[in-house]
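The letters A, B, C, D, E and F name the chains in turn, as written, and every chain counts its residues from 1.
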Amino acid sequence: MIRPDERRRIAVHECGHALVAYFTPNSDPVHKVSIIPRGLAALGYTLQRPEDDRYLMTRKELEARIQTFLAGTIAEEMEFDAVSTGAQNDLERATDLARAMVMDFGMSRLGRMSFRDNPRATFLGNGMPQQRLHSEETAREIDQEIRGIIDGLFQQTKTLLEDKKAILERLTERLLEKEIIENEELKEVIEAQEASSGIPADVHSLENTESDSQAKLQ
Amino acid sequence: MIRPDERRRIAVHECGHALVAYFTPNSDPVHKVSIIPRGLAALGYTLQRPEDDRYLMTRKELEARIQTFLAGTIAEEMEFDAVSTGAQNDLERATDLARAMVMDFGMSRLGRMSFRDNPRATFLGNGMPQQRLHSEETAREIDQEIRGIIDGLFQQTKTLLEDKKAILERLTERLLEKEIIENEELKEVIEAQEASSGIPADVHSLENTESDSQAKLQ
Amino acid sequence: MIRPDERRRIAVHECGHALVAYFTPNSDPVHKVSIIPRGLAALGYTLQRPEDDRYLMTRKELEARIQTFLAGTIAEEMEFDAVSTGAQNDLERATDLARAMVMDFGMSRLGRMSFRDNPRATFLGNGMPQQRLHSEETAREIDQEIRGIIDGLFQQTKTLLEDKKAILERLTERLLEKEIIENEELKEVIEAQEASSGIPADVHSLENTESDSQAKLQ
Amino acid sequence: MIRPDERRRIAVHECGHALVAYFTPNSDPVHKVSIIPRGLAALGYTLQRPEDDRYLMTRKELEARIQTFLAGTIAEEMEFDAVSTGAQNDLERATDLARAMVMDFGMSRLGRMSFRDNPRATFLGNGMPQQRLHSEETAREIDQEIRGIIDGLFQQTKTLLEDKKAILERLTERLLEKEIIENEELKEVIEAQEASSGIPADVHSLENTESDSQAKLQ
Amino acid sequence: MIRPDERRRIAVHECGHALVAYFTPNSDPVHKVSIIPRGLAALGYTLQRPEDDRYLMTRKELEARIQTFLAGTIAEEMEFDAVSTGAQNDLERATDLARAMVMDFGMSRLGRMSFRDNPRATFLGNGMPQQRLHSEETAREIDQEIRGIIDGLFQQTKTLLEDKKAILERLTERLLEKEIIENEELKEVIEAQEASSGIPADVHSLENTESDSQAKLQ
Amino acid sequence: MIRPDERRRIAVHECGHALVAYFTPNSDPVHKVSIIPRGLAALGYTLQRPEDDRYLMTRKELEARIQTFLAGTIAEEMEFDAVSTGAQNDLERATDLARAMVMDFGMSRLGRMSFRDNPRATFLGNGMPQQRLHSEETAREIDQEIRGIIDGLFQQTKTLLEDKKAILERLTERLLEKEIIENEELKEVIEAQEASSGIPADVHSLENTESDSQAKLQ
């Protein structure tokens, strides 16, 4: 029912998510990548599953999540000559996270404070959007911080995916063939491809505990 | 019941839509052009029908759609000395698409992020318009991107229609005569007219698969 | 019940509407001018009736309508030394049309796009005014276009009425005398007055088909 | 029940209204001035009654009304060393009229157009204030026009009352004594006072038809 | 139940109100000062009672009231090294009065007009805050006038209280001892303290009728 | 159920709160520090309990409270290389207090006035956020004051915690071991650690009555 060119685009998009999640420190492990449509909303999906229950997220984990969201559209851009509408939800979620980093978590140059002026208003459940107390100029500074976060992580993610272009294409072929790739097979495809290019296969697994990877990223 | 000068204007308007849809790569094929009024809302219509089910739209497809929306008023402008109110809905839809390209799909110089600040607010169904979190200056940048998209596609579409002016006029006469033109006849009229001007008739059909046309457009 | 000076002012106001509608190409013919009060709202009225059913309006027709709305207050200004509150509704409607030309119909230097940001919000019927998505600077540009349209048409209309001052005064006397003037008599008064001034009487009837008049106006 | 100093202030305030209404062309005649409190709202009142039913107001009549509203606080300022809260409603009404002159009636340098952007919104009856479509800069221009109107009429009214200071004081004494002054007696007091100062008593009655007075004011 | 340091702070705060009310011309006489808590809201209070029913307030009376509101926090500042949250309601009321002077009563450099744009909106009772019609720049001018009024009266009040520091401290001790001081005793304490410092005791009672005091203040 | 690295982070965060509360004059004594999760919301908590009922807060007490709120995230920053989302609520509360200092309590350079323009609107209970009457420029000044307060207190708190780094780490180990530390044990750990570093243990208890500590801080 899905046109072949759309099916390929979806596979590329999902493999983008999966590869960036795999190679980015502080990212939850990829559990499954699929291009079997799930109901109305999703044409494909990449499922990450944390190894343990989590209650907090660090700045680096938030950044890794933003990078993973941006990876789908970047992969499309690399493989086709125009991006598609398929990234709308990814961009919303990436922007929401970047906004929360600036406005809720004090993770920007604007300092360790909150810019949600009426936090209680969101509990009212009457759909009333919250009123902005801060000034236009502060709103502009917030915009610039958010855009700075997104742009920086976009560049990092693009560089990463360009480095892994061969794996991306290899993985896309496999996904088109099998429709679902589980985490073990994902690892195999990546390691096989890296082995064939002379890259040591276990780099990522070494990096995959939080404390180590953080030391390297900063 | 419709005055002859209005009927001619409607025919010109619809033929504008039809011709631009026909000649623009990444456009869905034209199924039917009609100037038989359909109830209260539409005095004429141009029906496009995708060849397969579609789930995604690329930037080029969105641009083709905007061009097709703009084509009606451009055709009026070419044939009469004043445009009419008939383009109101076309302009709304063209602007909405351009706005979505900038605000939802990351398809502008403002980067791969979302500018709908409270996407959930639109699900509330209480008619409450969403609150803007971003600043005036960001709103201005969004305006400029939207206007840049519309103006650029307007010029492209105008150039295309001026190139095809003879066909536009020929097709308008036929539509006034027959009231409905189906896709086969549309193709015949265009090919006949092009043949008589020494232009190879099959240009468009060659271009009409997505991957080819994209390579040419960019 | 109406004071004589107010009755004269109303007659002048209505004759302003009627004369400008008569002499402006692209205007619907004047059916009746009356200074018999109609209920609470209207002290006098000028009734225009299109010759056929209409489904579209061209830019020139919209401009003619704005000119006709502005004509009442301009006539007052010419005959008295202060304008009155009687033009409030005329100014609202003239401004609404000019705003629609800029925001809905793409008939200004701001280009062929729509500036009603949430067109669907107007269908909600809950009285919620629509939210503005575009920026202050764009709003300012829209204001300037609207004002430019109104000011330009104001000057044109004033020049026209000053040229026809003798007819305006003659027609006012007749309306004060008879209270109602129908379209045949309107034409007679105008032609008689023009004849007595050596002006050919049939100028307007010649101009009254759209295509001709447009060629002259532009 | 009212303190003597407040009673005097109220008398001065009302005599200010009455004198300016009396001496300003285009003003309705003063029917009665009273300092007998009327219920909760009014401590005193000046009643004007038009000579005939009125359906329109000219710019000059609106200006005369604004001057009459401003006269109460100006009279207080002349007789006491601080103005009081008693002018709140007068200032609201004067400002509302000046705003309507600019926004509804086209009586300012901003031109013959309406600045009430959603006139229909006011009919909704749900207390929703109307949304502003025009820009900040236009709002600023409107503010400046309104303030210009108020300031100009304030100066004119002050000059008038300073010229009539002796009458103001004479009339205040009479009002404190009698509590109510009807229009005949008002005229007598003014004429007597003017006679004693060598000023011809019938100036105002001569001016009191609209067309004459307008010629003089402009 | 109240900690001794808080009880002392409350006493200082209330004595600040009482002394400024006592020494400021155009202020209503102080009826009672108390530090016996009244229910949830008030830890202490200063009760002023006008000598007669009042219907109007002059600018000087409004200023005196603002000074009295500011006096509590100024007294705290003089006696302790940090002000407290106890002045929140005083500051709201002082600011509301200053705002009303500018926006409702025409008592600022912005002129004799009203800046409440939709006075009727406040009668709707649906909690809808009124819409601002005036521009940002006008809002800024209003802010500056309000701040100018508050700052000027703050300095005057501070100077007054610094002059009366000895009385403030004497009165505070007495209030801590007795919990309630009625107006007769207030006068005695002040007169006794002033006598012991060689200041004539009856200065304020001489000033306490409005007309005299106004002549002195201006 | 909580991952060890998260458990350590929570302990560090809570010990940050506890130590700053302990060492900051004008802070309520720490009653208990816990990393036993309490229901859904809190992963750990630091409980302060005032020694007596309190009815007022001084500026210094508000500042101490802000410092205590900021201490959790500062401690995280010192011990890990990225802060976490765990400070969201702390930052909201710190910002709310700083905003209240500026807008409600007159504790900034903007003067002794209130910037909550419609205080009554908050009593309406209909979730309608209050309307801002003051201007953009004033809103910007408020933003700058709030940010100045937060930044200044952030630096002070960071300096304090860096001075006490050894105690922070010692206390964290103990909390990880015992899960709950009550106030007596908190004091013992701190005194023991300070003794071992040659710092007199009773500094804070000397400072802990308000009047003394204020003299030192200012």
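Rule of thumb we're sticking to: a contact is a pair of C-beta atoms (placed from the backbone, for glycine too) under 8 Å apart; a residue touches a chain by one contact, two chains touch by 3 or more.
These numbers come from a predicted model, not from an experiment.
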Angle (degrees, nearest 5) of the CA superposition of subunit C onto subunit D: 60
Geometric centre distance via CA averages, subunit F-subunit E, whole Å: 34
Between subunit E and subunit C, distance of the C-alpha-averaged centres to the nearest whole Å: 59
Centre-of-Cα separation between subunit F and subunit C, whole angstrom: 68
In subunit D, residues with contacts to at least two other chains: 128, 130, 136-137
Touch-based graph of the chains, sorted into line, ring, star, complete or other: ring
Cyclic chain order - from subunit D, heading first toward subunit E: D, E, F, A, B, C
Touching residues on subunit C, where the partner in the complex is subunit D: 1-3, 5-6, 9-10, 43, 70, 73-74, 80-88, 91-92, 94-96, 98-99, 127-130, 132, 136-137, 139-140, 142-143, 146-147, 150-151, 154
Touching residues (chain side subunit E, partner subunit D) in the complex: 52-60, 62, 104-107, 110-119, 121, 124, 126, 128, 130-131, 133-138, 210-211, 214-215, 218
